[in-house]
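Quick one: the structure is below, and I'll ask about it shortly.
Letters are used for the chains, namely A, B and C, taken in the order the chains are written, and counting of residues starts over at 1 for each.
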Amino acid sequence: MPLRVTTRRLLVLAIGAFGYFTSTPAHSAPISDATKACIGCHEAVTPGIVADWKASRHARVTPAEALTKPRIERRISAALPPAGTAETAVGCAECHRLNAELHPDTFEHNGYRVHIVVSPEDCAACHPEEREQYANNLMANAHGNLQGNPLYRSLAESINGAWSFADGGLALAAPDPLTEADSCLSCHGTRVEVQGLKERSTALGRMTFPVLTGWPNQGVGRVNPDGSKGACSSCHARHQFSIEVARQPATCSQCHKGPDVPAAEVYAVSKHGNLYDSLRASWDFTAVPWVPGEHFTSPTCAGCHVSLLATANGEVVAERTHRMNDRLAWRLFGPVYAQPHPASADTTMLRNSAGLPLPVELTGEPVSSGLISAEEQGARDGRMKKVCSSCHSRQWTDGHFARLVKSIQTTNAGTLAATRLMLAAWDEGLARGLAANDSIFNEAVERTWVANWLFYANSSRFASAMGGADYGVFANGRYHQSANLLQLNDTLKLLRAARAKQPAREGTPLP
Amino acid sequence: MPLRVTTRRLLVLAIGAFGYFTSTPAHSAPISDATKACIGCHEAVTPGIVADWKASRHARVTPAEALTKPRIERRISAALPPAGTAETAVGCAECHRLNAELHPDTFEHNGYRVHIVVSPEDCAACHPEEREQYANNLMANAHGNLQGNPLYRSLAESINGAWSFADGGLALAAPDPLTEADSCLSCHGTRVEVQGLKERSTALGRMTFPVLTGWPNQGVGRVNPDGSKGACSSCHARHQFSIEVARQPATCSQCHKGPDVPAAEVYAVSKHGNLYDSLRASWDFTAVPWVPGEHFTSPTCAGCHVSLLATANGEVVAERTHRMNDRLAWRLFGPVYAQPHPASADTTMLRNSAGLPLPVELTGEPVSSGLISAEEQGARDGRMKKVCSSCHSRQWTDGHFARLVKSIQTTNAGTLAATRLMLAAWDEGLARGLAANDSIFNEAVERTWVANWLFYANSSRFASAMGGADYGVFANGRYHQSANLLQLNDTLKLLRAARAKQPAREGTPLP
Amino acid sequence: MPLRVTTRRLLVLAIGAFGYFTSTPAHSAPISDATKACIGCHEAVTPGIVADWKASRHARVTPAEALTKPRIERRISAALPPAGTAETAVGCAECHRLNAELHPDTFEHNGYRVHIVVSPEDCAACHPEEREQYANNLMANAHGNLQGNPLYRSLAESINGAWSFADGGLALAAPDPLTEADSCLSCHGTRVEVQGLKERSTALGRMTFPVLTGWPNQGVGRVNPDGSKGACSSCHARHQFSIEVARQPATCSQCHKGPDVPAAEVYAVSKHGNLYDSLRASWDFTAVPWVPGEHFTSPTCAGCHVSLLATANGEVVAERTHRMNDRLAWRLFGPVYAQPHPASADTTMLRNSAGLPLPVELTGEPVSSGLISAEEQGARDGRMKKVCSSCHSRQWTDGHFARLVKSIQTTNAGTLAATRLMLAAWDEGLARGLAANDSIFNEAVERTWVANWLFYANSSRFASAMGGADYGVFANGRYHQSANLLQLNDTLKLLRAARAKQPAREGTPLP
């Protein structure tokens, strides 16, 4: 008897096992003939995803069964599933043949017309509410909001472009599509288009397939061949598409761990993250609705931002939403400063008074139109605090968010100091800025300025929002925002001093 | 049958389940009338924490039952619980009404006098030994040791203060209380005081509550309204207060992951951490005493530093301690150098020969008084090595700790080199130091020096102590300490060169 | 009923439990008399490792039983186990007494001749194929490939050496052996040699033990007293030596998490890592062969690089290999540039056209001999893509790897730009390089150049290889490689400017 397990976990298992054998749905649903045909080959060709799908709820529950649940327990939001699909499992054919006429990537495949890229429009056949919510989510527009913003493009080009040594210094060429797909667009989403058809030999003979640009990609704002935006599989990973995976922080961490939006790093050192990591093995990540205290002891990302939460009595605490900022008054991500959230998920139309495509002035003030009102901020704040109230008193919650608002103010003020230093530097010609028709991201000192807001101010704010001070001070936060300011100031002094006495070799102003 | 589990885990489960049904205590204990009254409302108002408490040992075992265990298996260290509480669960009322007269935050709440902040003094009713140990823990004094040390305050102010652009450079204003509570004091603990009473409307009508400063907070050195120091809930998170959570590395990582004290980062890349992550699902985190090999295969933070460890025969390997440095000969955290641990948990009295509130001279020597003796270091070393000996031979253990001692020497030597560079810089006027009545943390070059010891030397030592070389070389250790030295040296050269030829615009010496 | 578990997991447990009681081997195997003697004392002296071993497969299955399995399910590759060991558990004596005559660390121990360091040569008694594969693994040569390469040694010395303040600047002394063992050699492996015998008192009286250099160590390229290279326990941790642990990413992360080879960081933000973290509790990490879809939903490190993979029908997808680059066309780790993998596991013979011990020219071209051919690259590429094909279509896989190849090109190009800047700097005397008979790693500006390839280019490539763009852009990738280039360029400008006007205090050229 080398090892024991905790009595708590065993209680869970014993009770759970009893419930399982008495109340769970059948382990598999009838499979349509078309899907049987798919599986017939693909069980040999790509056995991993077939097995994965067989473990999914889609394989076990028919839409008709799903509709028999009380409204609050449903995972399906359509009143009726597509014609002819109600009584079978949601299999290969049910999704990959849906809306065939809308899909330029539809092709003839062993007697069936199928398409490769299942889009949110396809998922909407059974999940229309989620699709509608997500369409109004900033994330659905992540491709266009980046690619359609000249300022952001300028940053992306300085990162992904090809730097080379030239004339004793550096030269920059435009980035290539493969690099862009592998970099920013990996999360923001690529544009997937059909470039034609190509025949190739396969294990089952020669076949013809559409050739896609920007493939593969699971970015949240992927532009699909059918013109829709987004990829449900970003979070509900293929081919289980499970709520269990989407509710795990690891899912969000794929795009929200880096120092620009370090939610996962902050969560890991928060009390919520501590409890998640320590106790998650006994939590239920599949229940709908999700009941704080009963199914989990502390929230994951989804718990605060997405999931339908209810009390054990079925009273709704928070409605499900796939517009991820429904419970968020402030956009902590500062390009260049934190600000009230944009009113529209398409942010390409935002302009500050200087004509820059930003939600803020370079001196920090939010733009005069295009952001949510103070009233809307209050409503979102209320929704979030309702979630907190499952476990926390009002004084606790108010105290927490007062610190967040203060953190937004102080980190924005730090960025303002950095920006004023940079404005002086551009003005003095120590760096080449917008007035010189140059990118503001392609010089070392400009990157120091970028780090101030993109990394350190953002990180400090995320830490404040989620109670992760260990990350928000010495790991990547306030210590570094202040050190960055000091560094920026001293670098400008050195640049001034260097300019005062140019070495003979350099014909042009420094830098 | 899409998935299988390991036979090992099933053995564990099968054996564990048998044990559970035959030997575990009743699932719930009688609940006092007062606690019933609390739950009556709070099950609706804050259902999450009520459910959380119901899953706790406090809800399942009465103090009287707890006292029936053999001494070595007890989780209660009092000879007797408080009068009238022996035969009921340890519920809301049992803790939130204890020592009411000592609590300025006691208030009238629906016919009961309760207080908000349950303090270590309250927990001591049943856990007096743990409270006593913790009172002698550096962590219990984390608030005062920071706030009462002028030098540390100067660092904190340069981090949390409000930097602004002024006269072409930077100006610093004092930090505000919300920022301090959200930054250093999040871990070090805030001072929680009653500011008065405030009436507000609630779901159950208008009620009056005390208004608290510095709330919420779970910092390890929190100064409570009753004057006590610490928060047991820092590690035994509300409202399960479980030993299971406290024994998980995620708990410690809340404050020990950043580059200043990167225990969690180092553990993650150590063999101990590898085994924890790979095998933890089959370990027992609740057993008392905790038996190496039987309950776990490799230690967590608590296993080495806190827990009561014993052999399967009940022979004590290490006594439980909540004075976390009981098994530590060296304080790896260097302000400015690693040193023997302070003798007292209150470090505000330490002074070096220059009168600075540090445990070391600026040139590295430990202060002459106030630190533990070599003999005490030996005793602590012995206690730690006894823990190691459960799995490791003496040659193995001695070899490991010989490297740690060497690492302390070499990283301290690196910091000495950096400090001598800075002393020269202050002397030459390249930076403004103590002789100029200035903070030694508010210039870019000073922050480079700070990073040498606060981040890179500390990280290298933590890596040596816990066997995490991957972190201690390229991630945040020796590579960076050496690069930092080179950087500091070159920056000073540039500052000298710049001073030799000031640009016209600058009237004052550089920087 | 405070908590539930997922029906999925319970299905797994229920099915698994059934299987366990009907089909698993006996829980323990007969123990040899010699091993009984070991356990007799060590159960008291080092109970943790005895308990650990008892939980191992070695304790439960005899070699004879292991050989009854069909070839594809075998964990033993020898045709016959060593004489006399077939019918007992693989215990202490079976390994620590094997090949006694080859072990300089063999010593008399309570009537038995045992050795301390069990080497791959010992493991080869039952696992000869694995040992042979591993001997051809770069990792087996990690000690010599580092210590026998003058250029790498020069980097290691600048990191591990003793820096001190001297003559207003910095001086470097050679590193000591304890530091080296605690730093690079912790992963690369130490050289373990017998220095003599030493008597010491133990719990069981005075005994004599061999004294070992470089001990303890579990590095992958450890040079053992018997002259063999490697430590199987690096990944199959003592004393369970389990396949379960070796298949977990935490095992690899011990040496592959830092920014030089950040596989673990990248995996954590990849879709594969997301699924691992979210679903691992229901996966089977012990099955042989390992069946994608059935035993796991997404691969761990071992799944892609090491494990024997097969379909549910027993068709081999990938042969087991312990030469970790068998499925890798490119060596992403760039000293200085990514390149085709070395043909031999011993890389000390590689020389570029300038005579430097590198697999590439300083200007990026692969060396003309000593690297695998394009044909061999194709074969390895094919093996890897076969693994991918369990779940991914050919277009998906080809698209993914096209990006990796592009990433190799672009990050190498970035390093070329940085290197050309450095070549100019060395040429101009702004730094002292090889022409000046100086290390190219001991100046601040040289370390900036090192970071370009060692951290940022490597990280970007690992991110491309494993689909972890969140790490590969803002965390430690392309953003930083481009910022590093800009920084390097500007630093050189400042150095030029500073040289143009030396301060009086400096007699020698800057830096």
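The definition used in the following text is that a contact is a pair of C-beta atoms (placed from the backbone, for glycine too) under 8 Å apart; a residue touches a chain by one contact, two chains touch by 3 or more.
The shown structure was predicted, so the numbers you read here are calculated from the model rather than taken from an experiment.
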| item | value |
| --- | --- |
| Copy pair chain B, chain C: interface residue numbering same or different (half cut) | different |
| Angle of rotation relating chain A to chain C [CA atoms, steps of 5 degrees] | 120 |
| Distance from the mean Cα position of chain C to that of chain B, given in whole angstrom | 32 |
| Junction residues of chain B, two or more chains touched | 2-3, 13, 51, 55, 281, 293-294, 494, 497-499, 501 |
| In the complex, chain A residues that touch chain B | 1-11, 13-14, 51, 54-55, 268-271, 273-279, 281, 292-294, 297, 311-312, 389-396, 399-400, 402-403, 406-407, 410, 413-414, 416-417, 420-421, 424, 428, 464, 467, 469-475, 477-479, 482-483, 485-487, 489-491, 493-494, 496-501 |
| Partner chain B, residues of chain C touching it in the complex | 2-3, 12-13, 15-17, 19-21, 24, 27, 44-52, 55, 116, 158-165, 168-170, 176, 178-179, 181-184, 186-187, 200, 202, 209, 211-212, 215-216, 218, 237, 240, 244-245, 248, 250-251, 253-260, 281-287, 293-295, 442-445, 447, 454-455, 494-495, 497-499, 501-506, 510-511 |
